[in-house]
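Scrolling down, you'll hit the structures one after another.
You will see chain A twice below: alongside chain B first, and alongside chain C after that.
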Partner chain A sequence: MLVFTLRRLSLFIFTMLLLTLLSFSVNFLFPGEAIINLSGAINATPNQLIELNEAYQTHRNIFWQYIAYLGHIINGDLGLSMASQSDISTEIVNLLPATIELSLVALLIAMLIGIPLGFIAAIKHNKPTDNLILSVSMLGYSVPVFWLGLLAILTFSINLGWFPSAGQISLLFEIEAVTGIQFIDILMSDSPYKWQAFNDASAHIFLPACVIAVAPATIFIRLARTSMIEVLDTSYIRAASAKGLTFRQIIFRHAIRNALIKIIRHIGLQFANLVTIAMVTEVIFSWPGIGRWLIESIYQRDYTAIESGLLVLSCFIFIVHILTDFIYAALNPLARGNKYGA
Partner chain B sequence: MARDKIYLEEIFPSPFMQLWSIFRKTPVAMVGMSCFLFLIVLAVFGPLLAPHSPVEGQLDMLLLPPAWHIDGNVSYLLGTDELGRDMLSRLMYGTSLTFGLSFIVVIISLVIGVIIGSLSALTSGLKSSFLNHFLDVILSIPSLLLAIIIVAILGPGIGNTVWAVVLVLIPQFIHITRYAVKEESRKDYVLASRLDGAGPFRILYYSIFPNITDRIMGQATLAQSAAILDIATLGFLGLGAQIPLPEWGATLANGLDLFYIAPWTVYLPGLAILFAVVSTNLVGEGIRHALKLRKAR
Partner chain C sequence: MNLLDIRNLSIELIHDDQNILAVDKVSLSMKEGEVRGLVGESGSGKSLLAQALVGVLDDKWHVHADRFHWRGIDLLRLSIEERKTLLSRDIAMIFQEPMACLDPTTAIGEQLTEAIDSSQLSGFFWQRKQQRQSSAIKLLHKVGIKDHTACLTSYPHQLTDALCQRVMIAMALARRPILLIADEPTAAMENTNQGQIFRLLASLNQLKNMSILLISHDLENITHWTNTITVMYSGQFVEAGTTEQIFNKPLHPYTRALVDSSPSANLHLPAKSRLMTLPGSIPILQHIPIGCRLGPRCPRAQKACVNAPSVTNFHGHKVSCHFPLTPLKKPSKRIIKEAC
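Take a look at the complex of A and B:
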């Protein structure tokens, strides 16, 4: 496990270096001066400019500029937003939890729906049920997410009036932001209307989370189906049935556990996809998350915000990636890579 | 007993032809294939066939519902939008923008990706390991996020969207070509032609490429459905095709304000995108299914 951790750690450091290098070089590609794009100080006086040039080491060569940039990032200084002149790292700290909350809920929904359906399809392999589930999943990953979101708003918010169409929580509730994750904040607050607020927040998150969950759920269906088919084909399943276990016992005691492990590995890969979908959905549902903020920064040509948003979002995705790798390795001893008699 | 064949000469169909013969026997895949061909024809000839101009509006024909509706007009089969522009013509022109451009995008990134991928498969050691890690990093960034960043650098517009999507798709092609070439070069038939004295490029061209075409085509259909969705999403967000252009995503965004009064301006472009992506995916499924069957033989 130690070797595995060290190897992941080196991959992590390498990736972080590459990502920062990418976001650093993006500043030179954006229109305008690199130092302004880096710091976001568009109204800087000449004196401030001299200070900024000193801070970002622009008189030295590109390598030292990059080191200075890294230093700024490690200190948590991502510059100022060009549009609002507010500190970007505070903005991101305020916005990122909303996105994390939304994408985690969506991931949960996708897994709860997708994985059982995939297992059912695998058990009924090559029967009408299997074909039906497969065709529905094909529709699910073909549908453009913005269209699906609009249809969901029209049907469930406007025509039926079941769910609110925009925002994170009704403005009537005053919830103090401690962690930024709405549900935890509500449960921690001592407001007398705690449970009403909780219900309201759940109603707000339900529709966007379901819209985001559709595409990943269909991919989970396919993953679960393939891994279950593979597992059911193995010799230990045949041994179990030769031992006289009923089909139900085989599925619940042996097959599901082994099939799940293979799926966990792919969750990290799916997460990148899910976050992209979440970005678009945030725009449609006016969700106060980092995706909507990033797209608005593009409309406003806020290059500092775009560059920092890219860095933060891709780091977030990569961290989830590494975390699922660890969970996978912790659950599956075969994946730890010490097969040669350790 | 008559023997037509005097000389016992066996003809082995190429891997691609074997794939086609399996593919042909899957009805669903053939339906997808014909829809795909229909879209290609529409993308090429759509501007000639369209009954009205996609950008000029008829001011006395505003927000006309589709023809099957009681207020509909049969000369505007799918209704009109808030400027009196014919939806059918807009969708037909949109085919060549959304679908046609995504097809071109895939071809460009396929060619570049396959060249880089096969060259990189020939290298080994530090260079190859660096490229591997680099690709992993690029592939871990969501494709749409990357496309958005590239559009932010280049500025909005349909041309820049195309380049952005090309750049986003290239790493996927490099990745799959690299793996396919590496896997094939370990096989005995490649060793045989290496023992015959063939150089690396000759092996690549005559031995390996015919055997990996099908896998690359499978990836190309995946890339095409991603490209359609990316172009449409960028158009929807206002970062892709600009206002008068009848790109499907942009048309959909245009109908957004009148969603409740004139729902067809939102339903129809969405259905068009769905149709294009589903038919592409059906072809892709058919190819993957045929690949699996061919391997099982």
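Take a look at the complex of A and C:
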């Protein structure tokens, strides 16, 4: 297990190095001067510019410039936003938790709905239930998310009035930001209206999370269905039924775990897709997350913000990837040990 | 009374445009305490037959039989659920490729304990787990695995093929079956391991009077362990009799060829000469000949062979051929006339 962890860690470090290399090189491709793009200081005086050039080592060759850039990132200095001249890293620290919260809740909803439905479809293979689930999943996959979001607001917030249409929590509640993740903050706070705040936050997150979850859930349905069909066709399932186990026992003791192993890695891959959907949805639901901020930065040609935002988001996605790898190893004894050529 | 009595069992593959008869009216009967070999080339439908017996074929296979008796009970009259519970209580099966037949993500101990029927356990539910564990260890000892703790905690990929097969046999024994169906239990195994597995099965047969249906493609190897043998070819019944009858006095041309093709029957052959074989190869399921399926390859085939032969019984030695090799009775004149 230690070797497995070390492998994943080294993979993480090298991927992050590559990502920083990409975001560093992007500075030279954006219009304008590289040093301005890097630091975001558009209104710098000549003296400040000299200081910046010194800090980013622009007089030395490109390798040392990159090392200096890495040093800045490691120190948490991502430059200033070109549009607002505020510090990007503090903005990201304020905004990222909201996105993490939203995308994780959406992932949870997508998994809780998609995987069981896929299993049911596989068990009822080639029966009307299977066809129904498949066609619903096809429909869900083809609906564009911005349209679905608007439709959801129109139906559930405006016409029915069940859920609020925008924001993370009602302005009435004053919750001190400790971790940045709203639900944990609410539970940690000692406000007398803690549970009302919790309900309100749940109502706010429900609609955007569901809208985000639709497309990944349909993919999970298909993944779960194919992997379950594959598992049910293996000889160990046949041997288990020859052993005298009932169908229910076979499904719950043997089939589900083996089918989950096959899809857990795809879930990690789908997470990148989910975050992309979340960015669009954040704009529609005015969710104060990094996705909305990033899309606004793109509109404003805020190159420093775009570059750092992409770096942080891809780092987050990669961490989720590694976590799913660990879950995969925990479920699958074959992946844990040392294997040749792996 | 026969333990198992099957008449004219057919297995059909349901296909879009045409149904394929993979097993065509095969009869099989077994006595209590008997070791019967079921021999045939790969693709002769012997594994299908075994899986149909245990009831683990999936929906695309359609099974039909004229008679299916198990210890005097007519199984065809029972509902599917009743049949399944009855058969899974009394019949156990071990498969070829034991490694693939064990759940790769579950430890051996868990897989073995869940095979133990809770009706065998006594005591309250908190004692059950302990009892299951101890009976699992006993089962492992029975199949000759001494290091039970290491075996119970390991996963299938950590064990060798022969050990996995022993675990499979232990699982099969967990329900104390009356009939054990062994579907090529030693395929892709070394010679020493093969011998160990066969000796284990033979001792189970002798000590516990357990009947064994031993499925194999290797006629020569199987004759050391069986009392009676049934031969199949391409889904059709060929010949059945005691091991001596089949091996020494085969009546069917196919059995003759099968015996002749083994190296020990060809000891007198000079070095580097060809072994005796039938021309051609086993037909694929889409292009099965009508009548006797051996027809196109059979050295004795005549015009009558386009009709499927009926089974003739020579003192318990059953053969399904129009022109058997050493007929004890005269073949009926009518068929010969038709042939001429």
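Everything that follows uses one rule, which is that the second predicted complex is superposed on the first by the 334 of 342 C-alpha atoms of A that agree within 3 Å, B and C clash if a C-alpha of one lies under 4 Å from a C-alpha of the other, contacts with A are read in each partner's own complex, and residues count from 1 in each chain.
Simple rule for what comes next: contacts are C-beta pairs under 8 Å (C-beta built on N, C-alpha and C of every residue); 3 or more make two chains touch, one makes a residue touch a chain.
Everything quoted here is computed from the prediction, not taken from an experiment.
Peer 1: Sticking to the clash and touch definitions up top, decide whether chain B and chain C on chain A clash or fit.
Peer 2: Taken together on chain A, chain C would fit alongside chain B, as the superposition shows.
Peer 1: Touching A:330, do we find chain B (first), chain C (second), both, or neither?
Peer 2: neither
Peer 1: Is A:1 touching anything from chain B or chain C once the two structures are fitted on A? First, second, both or neither.
Peer 2: Neither partner.
Peer 1: Does the superposition put A:62 against chain B (first), chain C (second), both, or neither?
Peer 2: Touch status of A:62: no partner.
Peer 1: Quick one: is A:188 in contact with chain B, with chain C, with both, or with neither? Answer first, second, both or neither.
Peer 2: A:188 sits against neither chain B nor chain C.
Peer 1: Of the two partners chain B and chain C, indicate the one touching more residues belonging to chain A.
Peer 2: B
Peer 1: In the superposed arrangement, which partner chain does A:257 touch: chain B (first), chain C (second), both, or neither?
Peer 2: Once the two structures are laid over each other on A, A:257 reaches chain C alone.
Peer 1: Give, as a whole number of angstrom, the minimum Cα separation of chain B and chain C in the superposed three-chain arrangement.
Peer 2: So the smallest C-alpha to C-alpha spacing between these two chains is 11 Å.
Peer 1: State which residues of chain A lie in both footprints, the one left by chain B and the one left by chain C.
Peer 2: In chain A, nothing is touched by chain B and also by chain C.
Peer 1: Please output the residues of chain C touching chain A within their complex, sorted ascending.
Peer 2: Within the complex, chain C touches chain A at residues 51, 54, 56, 58, 88-89, 92-93, 95, 97, 100-106, 114-115, 117, 155, 157, 168, 171-172, 174-175.
Peer 1: Please output the residues of chain A touching chain B within their complex, sorted ascending.
Peer 2: On the chain A side, the touching residues are 11, 14-15, 18-19, 26, 29-30, 138-139, 141-147, 150-151, 154, 158, 272-273, 275-276, 279-280, 283, 294-295, 298-299, 303, 306, 310, 313-314, 317-318, 321.
Peer 1: Once bound in the complex, which stretches of chain A touch chain C?
Peer 2: Those in contact with chain C are residues 233-236, 238-245, 249, 253-254, 257-258, 261, 331-334.
Peer 1: For the complex, which residues does chain B have touching chain A?
Peer 2: Per the stated touch rule, the residues are 133-134, 136-137, 140-145, 148-149, 151-153, 225, 229, 232-233, 236-239, 249, 252, 256, 259-260, 263, 266, 269-270, 273-274, 277-278, 281-282, 285.
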